[in-house]
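First chain written, first letter: the chains are A, B and C, and each begins at residue 1.
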């Protein structure tokens, strides 16, 4: 592809993504291959424009609302960066400062905050069976509000992480891989090891391994999911991964051996997560308000984790990968041996060696989010990009 | 009125509102009829422009400062939306993050935060005799700061709720009524029931019933204020309401019967509030630091409330209104039976039936706030609106 | 100097400040005299443009990130105002909402938040030996991130207060003095009393007296640092002050007598601070987690402070200054007798008399910060200012 704006526009002209207009982004596997490719193309185009000091401000005013039900640094800043790049001002719905506990419904709150909202970004990954549902409830509410004439626009939803998928992360990961391997056409037959790794902390979300299983299997790669017994991900997502592999000519396999997964791998993504069954149980316990039960479960899980300290991305493990030089991925922050903990997900020397590519991996997220917004808000993004170039407003005036 | 921008401009040309320029907005009854009508007209014009994708950004830079002394979702977002619509960036004075406790005076803080502030929005409704006074202290401080050459502009105050009035709410309510009834000329002789309703919570502000009494009586309507014995509002506001009714040809009456108020009413606004006398007592107790006294008062008030659970906007009550179809209003969030509480202000079936008009009612608030700012900041708003249309910058670039 | 934009541009043309481009601002004494003068000139030019309703928005998009490790009102609003004036949106890294405790390094966080950051403002003044170092760590991280291709721009650091210097405060103070005395050329031979003053609170930072010693000695003035025995500032900064005085023809002297310092002073800056040695001890105790030791130290320091209640800027003390009319400075908020405390830094009558100049003093800070950003981001600020004037976009559209 020609690395000029016209190159990106030409690429977009060859793709069908018209259903993304006025749409939302929940799960990657709800999007067609063309739609995913359009997203990568717009993300690259926006980055190209920023690097060439061309303003991509498509909004003169408008709000991008964020709802974070968990602490966050990088996702918060990625969302803020994406909104800012397009001209939207971020307004955070801080539930502690709000009156929501006052007996208000999701439907009501969603409308009340959306009178001038073009985007709503939500991170809600803590409870299995809840996060994605909450995002749908919000979208249903604002869709109805728009139809009823309450809202002047339907804000588009950006899933900033739910219990099922972490699309902004996994799409950024994949765009990073595409750039590292010199194009999507070079990914066929590459081996990816999405593996569990030990962490001294408890209850990490499943959305990254699930998102990787659901997305990476679309590119003809051999995706291996590895974890100790009992650390399964959602079965529905495994089904998605299998179907993807079948359709796209790669494979999706499972193993309980980290070594097996790492052997000759081109890409490794070792990362801790909690067992799906345990997370379901925790959701039930919260529902019942059984806090003693939750404490007990936490202790059990930490003890269970501790049996698998050998699941660590050490130098020895990296040596098993293709030429000992697999691309190491992590969504950050990682649990690094001797840095953030005694035993963790990765050896400090491995992490240090991959620091620059890891940071580059993260750098795609703001553009992925911005591309989701552009595709939902511009009827003809090719024309919009062209007009932005012609408008020629500089981002940074000299 | 002609529903084009020129129609709104023509309307404004017929009104005298020159004193609003560089002014502030404390209480609706401090404004003339022409000024209130100008406010509604500018609010409608701004909405028209947004709906027609015309940018109304009158500020290239500048801050809109918010001070919330109570939790808030909808007012916070309304203020943020209004500021954003005009090009101002919201900066919240979070008193917990600030050094104000450090021994700083209101006068000093007000100046320190206002060097580049075009607007200050304050919500301070908790203590009788304090909220409105605090807003005046802030305005006095920045007015002096401007005269002394400390500030380059005098920020305009927007009262986002005080102990006396809730002008952004009540003006949004009234603009909603005007739209629902097809014009201000259709309001003469309509009956409005502003009634108390039971809530299991305690100490709700009086600013809404007071604001309604002080504003709705200006439109030739028959305003009935209904509440159980002992739930009086501020006597000064009742005097305002009486004078308004006398001047404008409607009426302002009081009753201790919800039924009587609802009978043949065109509009009903059932909502809980705390008795004025009790709120005065609470303010005194806080002043003395008598927290045991406050707890005792709270228990007394909850017990007193509980005697009036029959003050609920039920289907039976709604059936008594004009054709059983009065317009139901609420400032939200409401205490809804079987939804947010067992017994509350309104039956769930009633609330559900009015959900769309209720959300529309709320949708006017950002425009009311924006109109307050425009009228305070533009010497000739007609000309400004015209120039904005001619400038033709789109809000959302396609 | 001619008070038109061209006057400021002509001034800049006579100065050498090319090293400020793409640089950072840590300590005033790391900058040349020309650079300091360029900073004042750009600050004045920006103020001139705002007062003449000329937009100085040089960024169409971009973030200004703030990191406040201590509560703050005025610095927070000054930074927000400066960013807004130039077109940057402030995004606060609230460490409580972030995942930093999660084991993340400064290097990682700095990169993760900076993908679209043009500026990072940091206030970190609490621990001796830590604050300035932390700022350098952040700058090293983003400089490396930029070189490695992780970041598309190197954000510029604005030191919003560290353990060593408070450059935005002291430069604002000095610009205020220059305006009050009618030009920098009138400062030679003026006497400045930077004196300790009693406060009932504990552990105030040393960055203001240190910043004053390091900056004011560059203007040919006679700077007297006065404090009770044991309240020394960092010896390294005293060395800077002495060298400055020698080079610039003024003097830097020390005394343990407030009277002596005030005698015939043209400018007085009485302000409380903690002894350097005690602050070093506190840093050690924190490092060891010795909270009992910290409590004990606090009690000792309060007792030590209490011996010096006579160090107060009273009317009697002011009467000793030049014609009894020295310019009184304070960084605010002050501990005012009978207002914020019984005994404090200044008599209420003195403070009241100087209220307007004090507020004006504070008003320069947003422009100082904005000037730091302009000088770091514009290769040829003269040309940029000229182009902004020619562009002629109004800040407030009428």
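By our rule, contacts are C-beta pairs under 8 Å (C-beta built on N, C-alpha and C of every residue); 3 or more make two chains touch, one makes a residue touch a chain.
What you see is a predicted model; the values in this text were computed from it and never measured.
Taking CA atoms, the transformation carrying subunit B onto subunit C includes a rotation by 120°, reported to the nearest 5. Although subunit A and subunit B carry the same sequence, what matters here is overlap: shared residue numbers make up under half of all numbers found at their interface. One finds 41 Å separating the Cα centroids of subunit A and subunit B.
Listed for subunit B are residues 57, 89, each touching two or more other chains.
Of all residues in subunit A, those touching subunit B in their complex are 57-63, 89, 91, 93, 97-100, 102-105, 108-109, 111-113, 115-116, 118, 145, 148-153, 377-380, 383-384, 387-388. On the side of subunit A, the complex with subunit C involves touching residues 50-51, 55-57, 68, 71-74, 76-78, 80-81, 84-87, 89-90, 201, 332-333, 335-336, 339-341, 356, 359-360, 362-363, 365-366, 393-398.
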